[in-house]
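Dropping a structure here in structure tokens format, bear with me for questions.
The letters A, B, C and D name the chains in turn, as written, and every chain counts its residues from 1.
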Amino acid sequence: MSPLRPALQEIPADVVALCDYERLAPEFIAPQAWAYLAGGSADEHALRENLAAFTRWQIEPRLLAELRGAHTRLTLAGTELAHPILVAPTAGHLMIHPDGEKAVALGAAAMQTPLVLSCHAGTAIEDLPRHPGAPLWFQLYLRADARSFLETLVRRVEAAGATALVVTVDAPVKGIRNREQRAGFKAPASVVAVHMAGAPPFPETQSAFDPRFIATFPTWDDIRWLRSITRLPVWLKGVLSPLDAVLAREAGCDGIIVSNHGGRTLDAAPSALEALPRIMDSIDGLLPVIVDGGIRRGTDVFTALALGADAVMIGRPVLHGLAVAGAPGVAHVLKILRSELEVAMVLAGCPTLADIGTTLLKQR
Amino acid sequence: MSPLRPALQEIPADVVALCDYERLAPEFIAPQAWAYLAGGSADEHALRENLAAFTRWQIEPRLLAELRGAHTRLTLAGTELAHPILVAPTAGHLMIHPDGEKAVALGAAAMQTPLVLSCHAGTAIEDLPRHPGAPLWFQLYLRADARSFLETLVRRVEAAGATALVVTVDAPVKGIRNREQRAGFKAPASVVAVHMAGAPPFPETQSAFDPRFIATFPTWDDIRWLRSITRLPVWLKGVLSPLDAVLAREAGCDGIIVSNHGGRTLDAAPSALEALPRIMDSIDGLLPVIVDGGIRRGTDVFTALALGADAVMIGRPVLHGLAVAGAPGVAHVLKILRSELEVAMVLAGCPTLADIGTTLLKQR
Amino acid sequence: MSPLRPALQEIPADVVALCDYERLAPEFIAPQAWAYLAGGSADEHALRENLAAFTRWQIEPRLLAELRGAHTRLTLAGTELAHPILVAPTAGHLMIHPDGEKAVALGAAAMQTPLVLSCHAGTAIEDLPRHPGAPLWFQLYLRADARSFLETLVRRVEAAGATALVVTVDAPVKGIRNREQRAGFKAPASVVAVHMAGAPPFPETQSAFDPRFIATFPTWDDIRWLRSITRLPVWLKGVLSPLDAVLAREAGCDGIIVSNHGGRTLDAAPSALEALPRIMDSIDGLLPVIVDGGIRRGTDVFTALALGADAVMIGRPVLHGLAVAGAPGVAHVLKILRSELEVAMVLAGCPTLADIGTTLLKQR
Amino acid sequence: MSPLRPALQEIPADVVALCDYERLAPEFIAPQAWAYLAGGSADEHALRENLAAFTRWQIEPRLLAELRGAHTRLTLAGTELAHPILVAPTAGHLMIHPDGEKAVALGAAAMQTPLVLSCHAGTAIEDLPRHPGAPLWFQLYLRADARSFLETLVRRVEAAGATALVVTVDAPVKGIRNREQRAGFKAPASVVAVHMAGAPPFPETQSAFDPRFIATFPTWDDIRWLRSITRLPVWLKGVLSPLDAVLAREAGCDGIIVSNHGGRTLDAAPSALEALPRIMDSIDGLLPVIVDGGIRRGTDVFTALALGADAVMIGRPVLHGLAVAGAPGVAHVLKILRSELEVAMVLAGCPTLADIGTTLLKQR
């Protein structure tokens, strides 16, 4: 399951949008890996909803606004960022490009973009190039039965310079990934989740309700524990319910990431964008919010921010860029998205992110 | 009209969801029988609505819930069941697999699943293997002009160990089955509705309004009569109106089955799922409710239960499994559905069926 | 522009629904005539809406009703009818079948169905066979400049035994019939509107706003005039506005026909079914109402009646039957529709047309 | 990038609607020029919405109205017009037909239609034929940094007889024109924006947020300046927000053009038709309103007027006519649209534009 053909040395002239990378990517990725990367769970309703949700909002532009001094800067849980786009945690980069996470980190850094490194990454956090202005965050899963291992892992990523932790809590069991299963996808032996070495093995079971398996599922207690052992900001990823957003704050989380896991877990889940407005109401501005899932255009970033998010993350598009053109592809994907956001801000009359508000949105 | 090719001895690795069985089934079933099995009435609106109705509901998952002790058990009109999925009554199993109802009963029993035997089954109830933990129910049609025959039939199935009766009342006339008609489907002579031997013949007529034919149609009086002659629980199948749900209770029924007959009778009828919420309101928890029609995923079971149903029935998917892989195919279909339900419960944070409530649903 | 092939002597076994006739009809009809018959105006929105409108209503069936004595009889503006289905006025029958209106009249009579003869028919009203139980109505257009001709025409059809007049008022100019135009359709010289002989010619003009042309357009004054010169019931055809329904009554009309002219005039017009509920509200039961446009199933008839119509008319399906199988085809089309209505009534629990009410409908 | 084949000398008989011209046009236009002309921005949502918006409104026709004296005349900001259809400003006519703007002007004049000449036109305003009854308007973009050039331009077009100015303010930056980019479109050297000679060059930049670029963006102050230097009526083009409509009036504009720039700027913008009702509310009849975007039928013109617009503009259809058949094609496009409007007015019972009101509309 190595890449089908090497990434391009030069980006073709007709690659001008994220969807162009998506169109080309399957030429560069083994079919099973593509099934893993592109697929969602079950009938892929949640996957499609992530895209469809953005089409239900319109931006009502304002004319002739004063735009001098326009910029996209923001502060997110204490960190200054050049723009509100982050790279979401995803696994399997080495299946897609021989430089894997290193290429992604390089491309992200070129665009001053924070990278959230997945705990299933094939490259050790210590081996990633570090770049000023492009913070490195680390994503992990909690387990009720492995605090000792997790504490060691947290210490390791702290030492390696990670500046925030992202805790994914929407996948105690894997989703029903039928596309993967039908393609016969199995993570290749050569791609090792290097940060998970030493984790206690999961019980072998076929049932989500096996008590030994359930015993590994984290609860809010584990969130409070994590919060207690580190000084890094803790982001809770996978929030779709307003009630959980409130609980996240009560548990001491520093921010939440509204997400349906890229449509890869519960296929009946709403898209993150649909969930966002009610979540914003519930937390009343007391926590920063990132949204991911389905963002393919600068106008999508604009819409997410207008609905209250502070920033967005993109996952699959980064991997499409990686597959097609390596680190430059990753950088180009991020550059396109940022440029489109700036054009949308000019056309809508918004000189800063703070000017992007719900009054500019109309529901279709 | 025998099966096109024998059922597989081994289930292919890419058969991982109920829709995979549906995709393969036509290779194993004669075209006329497939038209009978797969088709609905008229333009098949009701058939499609059964599927579409589920896509209008989303499940808003809750995170980090305490799931220890999770299970899918329930008590349904006095019977303990391992999970809330039943096999709906369908006819023609012997057209689809040489082992017919016996294979279905075997597959259902392997998954501790109640089988509702159709009165049009080709296999006598006495010839079916009985399995502890997998109750056998019997489905019948009432007639205003055949109480004597019906009483004999009820005594027979009681003696054979049926533990509940399902009375289908939404089809005094057959639906407008154009797909069947165009395919030239006729029940083959070799497939005999063995339980109906001795029933008085219907008048030969082409008109639904022929007075001799109308004289056979049952009324609520016949339900009360049936209720009076047996101690078995009586389930009324085909309820779509809240008013009829109330009348069912007043007539002494022990439960209702909300159903549009798999889209095979009135093509303008709502889907069962659409009808469910208003019916739940009308009966206010006083009767147990089963829903059938369009359930293909564990998230569909979850949705039906969240809207108030106690359990669900599946019809066509069982026959797809039967056609493709015989009894193991039936068992696999049921196992997939139950496993998907468990995954959905974990991902939504519900340790028991009682935790599956409407607050977790959002309308799209 | 004669028929492509002669009508069948025997109706194929797989012709079991009106849509089957529609599927086959183009094999029997010259392409230009088909463009005329099948097409609507402009982009054919109104044509499609006529069909789509029915899919937005569901019938919530009632169970176990007492159906003894069930029938479909009704009284419509004083006439006893066996069922609520009429043949709408359409032109060009002789382009479709050599027996033209005679075959349609024969087929309609076989099913005790009133035929509304178009004033553009190619067969004289005096040449049509008359059948007891199948009334003959006559459709005409009014003109502000041709009362003398019109009075003569009315006297002629009265003398020929027409029992009602249908005045079509939604087409003072022809719709934008692009499909016809692109196909190069022209009414063949051999098909003559025999009832219009002697009518004053229309001014030759390309503009709908030519004052000489406008001078031919009828107004309510012409309706009152027509009402004053005949004792036949006068039905106003083409009503879509509740205000016009009220004016129709004030002008002395005996009934209204809610219609968008089969989608052949104003392409932005609503479908008749959509217009019906507000019209019913406006006339408050004081006028009988017929609906036409898009009726293809017994459940469609049911829906129209449940929304308040007394009867329905069908146009194109009759011509499909005529093309495929002549008079027997016409009769079969009507028989299918009536049988489907009866099945729908049984399945919904309605022994008479009066039982078909809005409480049985749900909006999708 | 010259036309693929010369325009036709004779209009084919099956070209009877604007969509027929659109269907044929790509045969006559180089692919890159077609991408420029036909494309919108990004994923072309706004482009499609312009068309889709009209399908959501229905016209409820009135019957038997008095239509004597019917006409389509109107007064628009002091100018008498024969009908409410204008030619929108578009560039690139010489890429499409060797006679370019001259042919468009000729065709428009033949139909007494005002032409809004684009400031990017390839033909000088002085070189256009002038026709009584067909006013010539001039469209321009403002710049904060080029008042001297702009004043010279205004004086030039005043001298050349332009009777109104249209200021386009919805495109300080170009939209994300991916279709153009993928096709490799570049304006050919032979097509020169002759009116822009002498304008200060834009800074070379790839960023919409480059301060030197932002310094060119106009603000309301520039509108007030333009208003102060000319006595011509000033129309503000690109309004989609009710607030901007109010500001336009306060800035002294004589009318507004509700438009999303043909779907070519902000892809998330609403269609002009969707924006219209709220804008009409905001200005309360105090400014005349033109709408453009998606008008392809006389019923579309009717709908726009019923929602409150005084007139409409069409862009792409004019260019389709130009490509297919030169000046006669342009005239034919306008003639079709006007005729369709008249037919719609007759069928809806409206003798004048003032009779076209919202009470005739229903939302689908």
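Following the convention adopted for this analysis, a contact is a pair of C-beta atoms (placed from the backbone, for glycine too) under 8 Å apart; a residue touches a chain by one contact, two chains touch by 3 or more.
Please read all numbers here as calculations on a predicted model, not as lab measurements.
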Could you say what rotation angle superposes subunit C on its sequence twin subunit D, using C-alpha positions and rounding to the nearest 5°?
-> 90
Distance-maximising chain from subunit A - centres being C-alpha averages | C
Can we say the copies subunit B and subunit C touch using the same residue numbers, with more than half in common, or are the two sides different?
-> different
Taking each chain's centre as its mean C-alpha position, how far apart are subunit A and subunit D in Å?
-> 42
State, to the nearest whole Å, the distance from the C-alpha centre of subunit B to the C-alpha centre of subunit D.
-> 60
Considering subunit D alone, which of its residues make contact with at least two other chains?
-> none
Residue positions on subunit D within touch of subunit A in the complex are 42-43, 45, 169-173, 175-176, 178, 181-182, 184, 206-209, 211, 214-215, 217-220, 222-223, 236, 238-241, 243-244, 247, 265-270, 274-275
Over in the complex, which subunit D residues touch subunit C? Could you list them?
-> 13-14, 16-17, 19-20, 55, 57-72, 297-299, 302-303, 339-340, 342-348, 362
